[in-house]
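Per-chain numbering from 1; labels A, B, C, D, E and F assigned in written order.
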């Protein structure tokens, strides 16, 4: 029975567990909440590994909500890409949760249920094949993220939340405008059906659909922090409490995933007159995003801020791949996406530990007392820094390498390569500065306060461990992402599968 | 059939008329307390008439007794006075301007003072004064 | 009628956007509320305008498109939740930061006293 | 397989010192040396095959998609370098054992050192270009760690950062270059690439490839103008300098040029770039070295100069010059490593490296002095020492080249000039340190170092002598096989004899020797001359540049990211409008062909009211309460519009949401300023108004264009199947609870989560609670107007009845769980308004949190229920039943789902509103201590 | 008043009856199923909301109450006519004024009913009730004779109410 | 005839709505605006009933009922706001 509903479980299971945690007897004790949530997250990992395993055979799992066939009912689609994204979110969740057990869960209410709800929303966004349902899951993950952002309280969080929430409200408004336009012209909500119907439009209707598709770019661009919509990110991410910031590392990726999904399936290379609708825009914007991320990284006064700007750089990189819009680039992007999400999350967590151990200066790049666990934290920082800078031997270089290879056409390379490489250099400089300031520029010894509990750091290590593992198994992982990207671009079989099933 | 339509039309027009009069009063009367009278009264009858019309209309149309519109009337009759009361109270509190020739200054003052009982003497004087 | 409808949506959008560009939290929230009216009407009208055709079976011959209606219903509820959140957040922001600016200022209003 | 173990053993070796860290210092050193020693033995075991001209290779697939294999390849060139790396590595391990003090973290140092060794071996043994780059970057990283090993020193930190920045940048260029090579050749396999020289040289991308690869090589090998990082890397412990900055890492760039020699060299471009860079480096390094007072500084510039020399040789495009380059690589490694070690001993024993303090050490440490002097003599090119031989070959080659045409004479002249300075600084090293009177203010009294610390130096000096005297015997075969590999083919004829007779190179050597000594003798004038120029400290400049970079970036970010939400929203909308421009232009006719509805007067009036109320909301936006009232009018008209256009469910929903929103706004407004001060600049108003106007126009136009065109949608399916498939006649409701039930589940989750989030916001909120209204009037005294209380409580049962009515009919008629829930909530909120929190709290004991949770749970579990009938989530079930007396009625799982919606709505709404209300009371919500 | 009410199976019989009727009204039906449903709701809703009710005096004389109801209904119709004329007529003639009406009844429900009646009927709106519940402040649209107005309110409405609730 | 009456009333209510709106905009006091809003609610009830009759559809009754119920709540809340600022205390 479980396998039959496997596609659905990453969404409904955390939702139900989140609700259960709000009820007695679990809600009465934080320890119980912790245990139940950790257990949930372990189950989620198991489920998503299973999903990936099934997806890796190349079969696309369809799940008809309410037993209504597409294009009428809501449809969940688990192909290689979405299964991978779900696995990513599950691993990330476990890392962030382990860290949260170290005390961040106590600084405000409802931490665990909100966390699970957000996961439900994120997974829903990854799995759904219905555009309006995507909107709903966006809202689920957003409202949960608003609530998590303010977790722990404090001026900075409130102010950051104010910006983040209002911008996203405007973004949601655009999403609905876009949905209105698309339904009002295509007459359907299922994305595969949209892709099928897009060929039957009159010229003027095409113009309208174009408007809808471009509005969607704005919406997804806002979520993914595409320039000029990236301004909210550094403040927001660096204000959030560490496990929340770690979880947020995947939020931008939801936007990118949506671009990859929607703008490949509906407005992709096979959309006739509307083919590759967003690519002309994506080119300059992603390059500029990379540039602004690099500038921000160099300007960052603290590790959290730096990590936030690294997220922007990863966004720029990924959207660059989306702009190239070839299976090869997308394969690279998917690998890079997984890597950058996990490591950025680890860096947010690490920044928090480092900040705690350095006393008042926190994670700012100024002289402070020595951290208590210089070797442990230093190594962790080193691993994450090298990964994010795209330096061997950790995971970043594989993604960067593949992306460079994917963009090697002279016309593209002359733009992409310098931007990518120079931003890499900026990251190296920024991270070298960060590392030397945080670990080497010490004044005085650490007055021995209690060392963080084992569990807390295990979250960091879990995430960091993924980096070498992703290098060692890079062969099979990249093979998976290659096939995933091909599946993503080879839309006709998907459309046929979905709509034929519906016709039955 | 025609007389039914006549009755219907009558109630519809009556309702509309009172609705209009209420709003005219709202727009036209010179101070808040006077305006307060217009809609709260006229609308009860206005809506009432329309509801009667509606009841008749649907009862005949569907050849079935349809009187659930009465419910709206009940609600309105219960709530309209309280709304008026609350609005008056609020107006008194914020000391909304009254027409200059408004009588009963003492009562007004007393009410404005947060609904405290008026000084006995004042009212006694007042009553005397009015007797004169 | 369609032109009137579209005009109204345009006006609501413009008003909403204008208010959401103000510098204080409350007008911004009001602006977003206006914008969400526009959005809901827009989404609603994607099923076209129909008079006297509520999608309740057996009540008329031609039915309005029920799908956008269902979508708008969801959107209204979500919009309500979001408005509520941002409103209370504005309150919290005032409490935490001492003012209701949204442009990153941190000055405390002198005339307000804390309780 | 032995080949694979050569890099693998040092890699495993990185763990050894860490594992042995509990044992004595000797044990740690031995453990460290163990695995590299085995690797060295393995290397020698491969020697016969390599020397017979075989190319050994081993490879596995790793990341096929990126063309990255694990591929090792051992030919003569690689063998030579591996020998240097492993051999000198052993000596360095021994040396470091004595060099490092008790305070230093020796295991960590050794671990870093072996990591570096692994990386170097990886470079030289790579059989795949990407893998080569992989290890290339690894050397940058490990050298960063080694240079910064004494991290408490600011020098070390900055030096490490500088080295990383420069070599890191070069590494990135190299990557690009190698990728291009792979692109051109179609493979990253080294053997394949080496066989494709012509293909590459003739390709249009050749200049780009060349420049990129050379950027990598030059930065690594400290070639002008990237040489500045090397002297600052001298803040590393001396073993590091001896290893990285003489024998290995800086040679990686040279190795790369030698490795790629068969495919990149032979063009004029190669000659121009490589030899000219080499020449410049040679001269500058040699000149500057003379003026360095720091012992290691002198050696560092000398290294730069010699690297320049090798580069120059490689650039000359002749086979012989390449052989000379390889030869000098060997020789330089030997004498420079020993010199660094000697310098380290001196530093170690005297406590300083300043040659102005260090004098006359001959007296104190004659043994070391002898060794150092031999090495320095070799560096100067004194006959019978190895340095002399390769220098002679160098001079000979400079005379051969003609590419510069009529200016070709400059090469030998400048080469000689460089050597003059080389002799001068060597002389200075010898004279200034070991003679030149007595030491000045030394922190320690110097004496000979421990016995074993000298051994590495002795080994290397012995090598210098042996090569110098018996070149053919000692180094001949190795040079031959390495040169063959570097040239990628046949070896030219050359002689390794010490004596070639009187010829021009010998004359040049003689001139250099004499000139060098003359310059050293007259150094005072030269020093004075040099002192006129302000010393440009590369580190200061670099740091300044970095600071400017950071400052520049910071100011850019501050300008762009000014924390103003208005700007961000503006950008968001602006971007949307820019994107809309294209589609708007594409849209030929705004009006479509669908027949339109006529305008009736009521709709017109409603539209007018909507417009006026909207404008009022905007115009009165500074009087906030009025703004709220106008806003409710807008909401009311929107509801009426829904009713008018056949959407009764929407009308009901909008109405109920409207009221709750208004109450919420009032609750919030109490804690906010009542009015907005006027602060927008007129220009800003114009700007905002134009943007708002444009977006309004665009959205309106799109809407008009859309709704005046016919639509072919999927809605027929729902109308057809609502009754038969979903069991309800209200199609909208059936869509909500059945066809698209998941949306609804998501929607109530959003509501529930919002309630939780709002509760989080409310908890522990510090309040500004006004004691009077905005005009300064104190609040009314009576809290709960009596009439309101009485009427509200009588309305409650009625309101509940109405909500039950709305709930039950939802499936077939307008209504449903959501609206019913809101009505119930409003009725309860009305009780709060009328009676106050204290009154309610004793009478209504509902935990709103549980209500929210159970609502979501009921809805979700209803969905799960269908699993037991082997149906997907949220598959609904309904049936008609017949009971006596009561008659036929319908039961549907959708009602249970709707119940979940109902409960969530009540829970969420009350959790928000009631708790917000409680803020001002002594029931204010507090965070539960729940652990 | 704050004493916790003792549990009763049918705590609010009058409301229960009202709910029963209203349900059938709303559904426009007398079907058995609905009667059953109405009974269920009329039984459960009072149980649910009983806690949220302040005790109120009960109607002692139902017949009198009905009479009062009809009287008010008639007055409303008349009031509306009068007010309509006033509103449409010349404004200058109007003599608005505030009046304080001394109260004899002192319980919440009767006072509320009186105030509501006053508001619904000729040209008067009840504005406020004094804190000690001894005065009802009224605004009259056209105050010709204050004492007559007070008198008419007290006799026409207050007295019957006092009798109905027996206080 | 009924059609004519309905049309006529249509116009009347339209005017009523406009007049109420005018008062809402005009004020001058907050109480006036609240009163105008309350009147608009009542007018809307009439409008909806009229619409129901005009279309011959009973689907709009609940909307009218709801306005009656909710209009009261919002008026009461607004007045409470003027009186106490704090509407739930």
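To be clear about the criterion, contacts are C-beta pairs under 8 Å (C-beta built on N, C-alpha and C of every residue); 3 or more make two chains touch, one makes a residue touch a chain.
Not measured: the values here are computed from a predicted model.
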Using direct touches as single steps, what is the fewest number of steps from chain A over to chain C? 1
Touching both chain B and chain E (chains): D
Fewest hops from chain A to chain F - one hop per pair of touching chains: 2
Chain located farthest away, centre of chain E as origin (C-alpha): D
Taking each chain's centre as the mean of its C-alpha atoms, give the chain farthest from chain B. D
So how far apart, in whole Å, are chain B and chain F when each is placed at the average of its C-alpha atoms? 13
Separation of the C-alpha centres, chain C versus chain F, in whole Å, is 21
Taking each chain's centre as its mean C-alpha position, how far apart are chain E and chain F in Å? 22
Just curious, how far off is chain D from chain B if you go by their C-alpha centres, in Å? 72
What are the residue numbers in chain E that touch two or more other chains? 22, 26-27, 112, 115-116, 129, 131
Multi-partner residues of chain B (at least 2 other chains): 24, 36, 40, 66, 68, 71, 75, 78-79, 81-82, 85-86, 89, 91, 93-94, 114-116
Scan chain C for residues touching two or more other chains and write them down. 20, 25, 28, 38, 40, 42, 44-48, 51-52, 54, 56, 67, 71, 74, 78, 81-82, 85, 89-90, 92, 96, 102, 104
Which of the chains are touching one another, listed as pairs? A-C, A-D, B-D, B-E, B-F, C-D, C-F, D-E, D-F
For chain F, which residues count as touching chain D in their complex? 10-11, 13-14, 17-18, 21, 24-25, 27, 30, 33-34, 37, 40-41, 44, 47-48, 51, 59-60, 62-63, 65-67, 69-70, 72-74, 76-78, 80-89
Chain D partner, complex, touching residues on chain B are 75, 78-79, 81-82, 85-86, 89, 93-95, 114-116
Which part of chain D faces chain B closely enough to touch in the complex? 773, 775, 777, 780-782, 785, 787-788, 791, 794-795, 798
State the interface residues of chain B toward chain F in the complex, per the touch definition above. 2, 5-6, 8-9, 12-13, 15-17, 19-20, 22-24, 26-27, 32, 35-36, 39-40, 43, 46-47, 50-51, 53-54, 57-58, 61-62, 66, 68-69, 71-72, 75-76, 79, 82-83, 86-87, 89-91, 93-94, 96-97
Sites on chain D touched by chain F in the complex: 600-602, 605-606, 608-609, 612-613, 616, 625-626, 629-630, 632-633, 636, 639-640, 643-644, 648, 651-652, 655-656, 658-659, 662-663, 666-667, 669-670, 769-770, 773, 779-780, 782-783, 785, 788, 792, 795, 799, 802, 806, 813-815, 819, 823, 826, 829-830, 832-834, 836-837, 913-914, 916-918, 920-921
